[in-house]
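By written order: A, B, C and D. Residues from 1 in each chain.
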Amino acid sequence: MTLRLATDRPLLIPYVTGGLTPDWTGYLLAYQDAGADAIEVGLPFSDPMLDGTTIQQASDRALQRGATPGAILDDLAAMRDRLHVPIIVMTYANLALKLGVARFAAVGVTGLIVPDLPLEESAPLEAETEAAGIDLILLAAPSTPDDRLAEICRRSRGFVYAVSVMGVTGERTTLAPAAFSLARRLKDELQARLPVLIGFGVSTPEQAAAGGRAGDGVVVASALMRRVLDGANPSDVRLDVVALRAALDGGESAAQPYAEISGDRR
Amino acid sequence: MTLRLATDRPLLIPYVTGGLTPDWTGYLLAYQDAGADAIEVGLPFSDPMLDGTTIQQASDRALQRGATPGAILDDLAAMRDRLHVPIIVMTYANLALKLGVARFAAVGVTGLIVPDLPLEESAPLEAETEAAGIDLILLAAPSTPDDRLAEICRRSRGFVYAVSVMGVTGERTTLAPAAFSLARRLKDELQARLPVLIGFGVSTPEQAAAGGRAGDGVVVASALMRRVLDGANPSDVRLDVVALRAALDGGESAAQPYAEISGDRR
Amino acid sequence: MTVSAAPRSGVMREPADGGRFGEFGGRFVPESLVPACAELEEAFRDAWSDPAFRQQLDMFRTVYAGRPTALTPAWNLSAELGLTLLLKREDLAHTGSHKINNVLGQALLARRMGKTRLIAETGAGSHGVATATAAALFGLQATVYMGERDMQRQALNVFRMELLGAEVVPVTSGSRTLKDATNEAMRQWVAAVDDSHFCLGSVAGPHPYPWMVREFQRVIGEEARRQVAAELSTGVPDVVVACVGGGSNAAGTFAGFADTAARLIGVEAAGGAALTNGTPGVVHGSRSLVLQDEHGQIAEAHSVAAGLDYPGVGPEHAQLNRSRRATYVTVTDEEVVEAVRRLARTEGIICALESAHAVAWVLRAAGTDELPRGSTVLLTLSGRGDKDVMQLRAGVTA
Amino acid sequence: MTVSAAPRSGVMREPADGGRFGEFGGRFVPESLVPACAELEEAFRDAWSDPAFRQQLDMFRTVYAGRPTALTPAWNLSAELGLTLLLKREDLAHTGSHKINNVLGQALLARRMGKTRLIAETGAGSHGVATATAAALFGLQATVYMGERDMQRQALNVFRMELLGAEVVPVTSGSRTLKDATNEAMRQWVAAVDDSHFCLGSVAGPHPYPWMVREFQRVIGEEARRQVAAELSTGVPDVVVACVGGGSNAAGTFAGFADTAARLIGVEAAGGAALTNGTPGVVHGSRSLVLQDEHGQIAEAHSVAAGLDYPGVGPEHAQLNRSRRATYVTVTDEEVVEAVRRLARTEGIICALESAHAVAWVLRAAGTDELPRGSTVLLTLSGRGDKDVMQLRAGVTA
């Protein structure tokens, strides 16, 4: 049962760090309720090489709470009946390879993102996930050359994760120009057969709307996790996702793709 | 007017650091009064390479009081009428060479000891002192080989200063065996034509007596300076010199040349 | 030094495609960094087969870093232990450790690639100081990431880096030691690949680092091989021993003896023994043996030697261990401190705490089956102890 | 290194009888020490003309101390200053300064003379560490006298000496610095001449020390002469410059160039400039130029560099100054600290505060009549700055 995504509107995939709070699964319901097309669940790793301060802090806090990958997956299994949107797990290679694909499949995970597993290293996991009916979503970066980008399009499953910026996760005051050119390359030049989702640094409804126009949707992580770290509960964060949804759907002016947010929250 | 020493009894030459106390010349009178055959006056030097802790402290204290070689010599000049015993100045080469022999002669000094001016370096000063009528007293050490010892006997004036020990000035619990063998070599083997005075570490009347028997007398410095540093005034120290005199003259049993004194005061 | 074109295959030659040493190695990095790694691999391959580059590097090694470093027989310790113990003196290299060998190579390469800045991680500070040094020499900027805890332990090295004009950035995440500094350096590299070279300090990280750094450190082994041959009638020592943190001084040393019958011994810190206590895992861009918990979270290492306080190890060592070409052992902090003292008193050499791990093993093994009397031993003294004196003093008087 | 029998006379060859350099030098010691000085002179003369001794010394210099030390062009600073500046890298020698050259020679000689203990004075601690090192190597005891104030300034070097097995004795008399430590070492030598060698750290003291130490340090100049010849088309540099405390690194350097047209420049600390501000006097066993008051009391020196904090200077320098074969200049503490920074940032070399005196002069003189653009300069970098980093840091953050 691989990832099935809507095709009639820009996609919205909000992120939550698994085990971040005792009631962390409440965020899953809030996201679903606010109109998420899928939800990305991070398995916290001790050495999150591609994450900025916010996700690092979220990971550290979850680990300090005693979160383990197994327990997070168990939590997901327990939520299975109440979640209708696809669940995508994002974690680093060391955890993903250790857990094994069967474990993800068993709890109904339908997508997997492993940010430190580039094409050169992903083949075995591609085969395993394919066999298990899970989509291994590959990432593309602004620095990725054309031939590689084509290969990523070919081998990715579910969608192509377009990393908006040469940098780590984290809120930014503007959506980087690189995001637009990468999306253009993927969609116009390569005619990607899969949806192209823009992630890393999508921080505001305006940025989400711009990302949705440039690609096929956005992944929003640090902006939401910052709110949770600051104490926002599921119903608080639900409103943020509602706003993102509205912006993406054009229910709100998105004339300003390079909108400023107050302060650089990286 | 060179050094003229008694020949009928063991010689006693007590030492005082010039400028050590405001009334330092009082010690000269006390020594004279107690029966000193001559008095050694130290000109304090900043870098007294051959002195142990006691004389170092005495030098430091004198220098801190502002004592200068010139002022000390002036003090001696002022005492000239009241002093009947010969005055021997002891100081290091840097001060001696800087002051010049004429300056010593002018205040009536009749002997000079420069401990860091060995045979190799002393010839010019020997000539100058001779011309000025001052005796340049040379030192012999336990390590001095025979030929050198003979040369020292030949070139020394006034007396030969037999350094009792391979070491620096300072009180010791016993008079070193080396003192006796050095005195024997000088007196018996070389038939020294000059008196042989034993110095360095002569600390007690017993030791003085033993030194007086082995050689022709003793120089006593640290033991007296320790008393002065501890607060003894001229009349206090006079008694010490009286005791030394008596021991030397045989007025007291000197059966124990290696007499112990309480504690090692180096 | 002669310019030798390394054969393309064989033990401790070029890794298999993708930077693989058996099942270890690889390039586990974000897609953003793949082009930079590929560019670096290309540039290194090109430079390393360019005699002009090699000559230039040799020149800097010789006139600047003081190579060849001496080979010193440990006369007294040898007599006491009944061995012939020869010390390869990386402590005499400029900046005080073997780290300069690697850094000169990478800085020259960075310049050749048109980069204007070096980014580095550092644990003990040795690699950071070496990087700051090469940056100063070649007119590059340097930014060094260092765990906050290590900055305290090695405060003098922090000051040295700053004096050399480098910016030292404290890393406050995780265990605030080398592994976290490495994460942070890689994060910053992602954001600055265009103008910055990531000057990694050991034979770890994504392809081509484990290979490239070993090649830059190969000079230790090659020099030692020649020097030992002149010293021993057997030409080759029975045992070659070096300490292993990430494993660069050991790799460089072993490379010179991989094709001989010499036993190769790597000595890890008991509290940071990835080869002895680790399991396969992926960290900092390559698959190797790693200290980790049952969930795959990377463990913190604990060693008196900041430079060995690392839960991973270079992938080639994992493979040398797997293939049994090399043997890896551990020594305790106490043995290490004692080894520093013993070498100081017998030979007049105060070595780094890291290097003392190798000495400690020799002290323990001498006269046992592991290292019988009469053995000939080449030991790489990877660095000098100046950086550790404050720490040793605090420990000794405490 | 080749074994060259030095001609018996000429500039910077053997001194005249009694160890005289013109009107300077001599042997102003207590009679107790005269036989020991004579024995030492004899033993040195004998050893120095014995090819076996020289070969042995060369061996230890090479395989133990890491000689020859590199000659490094200061590429960046040269370009900035419009000079060709070549650095003789004594900072790369074992223990971190040129002091090891002298100490290896004296320790070998002491062993040859059957002595079992080395007595030494130390200021910065460099000579003390070197002495402790050689003592450990040759199985001798070592007792090092150090002014109490210097022990505070150079606490890490105290610990290094102790780690090497030496006893460090605090000297509390006088100014509690090097001059007082020297007095105390000589006092202790008097009491221990039979089994102890006084391992003096510079070209000062009674004959034969100024001559002997210069000869042991001559290796700096001889190596540099050969290395410079390979580097410069002119063969010989226009200027040879070194810092001067007691003057041993300068003497060793100058000795290699005394018979050339090179200008010889010695750089003193402004607060310890015996050659510039001193008058003839006798201290520590020889006649030389000395900082002293009008009464002949020796003055205290004041320098940021503990190793230059000395009111006297070797007698041969007094003579080279008198005869105008060498020129002596001074630099201030501020110039010196700035020179450390400048060299660190331009060349990646953190030198000792002492050595930075020579650098400071070059920085100031470059482009002036003293040192016109286009000049070629050989500068001896006498030691590395590790020992000074704590002090610099305190000063810089204060």
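We adopt the following convention: a residue touches a chain if its C-beta (ideal position, glycine included) is under 8 Å from a C-beta of that chain, and two chains touch if they have at least 3 such contacts.
Computed from a predicted structure; not experimentally measured.
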Computed distance of Cα centres, chain B from chain A, in Å: 96
Rounded Å distance between chain A and chain D, as computed from the means of their C-alpha atoms: 66
Distance between the centres, which are taken as Cα means, of chain D and chain C, whole angstrom: 35
Per-residue multi-chain contacts in chain B, two or more chains: none
Contacts with 2+ other chains: residues of chain C: none
Chain contact topology (line, ring, star, complete or other): line
All pairs of touching chains, each written as two labels joined by a dash: A-C, B-D, C-D
In the complex, chain A residues that touch chain C: 45-52, 56, 60, 63, 68-70, 92-95, 97-99, 115-121, 138-145, 148, 152, 163, 166-168
Residues of chain D defined as touching chain C within the complex: 62-66, 69-73, 75-76, 89, 92-94, 96, 132-137, 139, 155-156, 159-160, 163-165, 340-341, 344-350, 386-387, 389-390, 392-393
Complex contacts: residues of chain C adjacent to chain A: 18, 26-36, 173-174, 179-180, 183, 186-187, 190-194, 281-285, 290, 292, 295-298
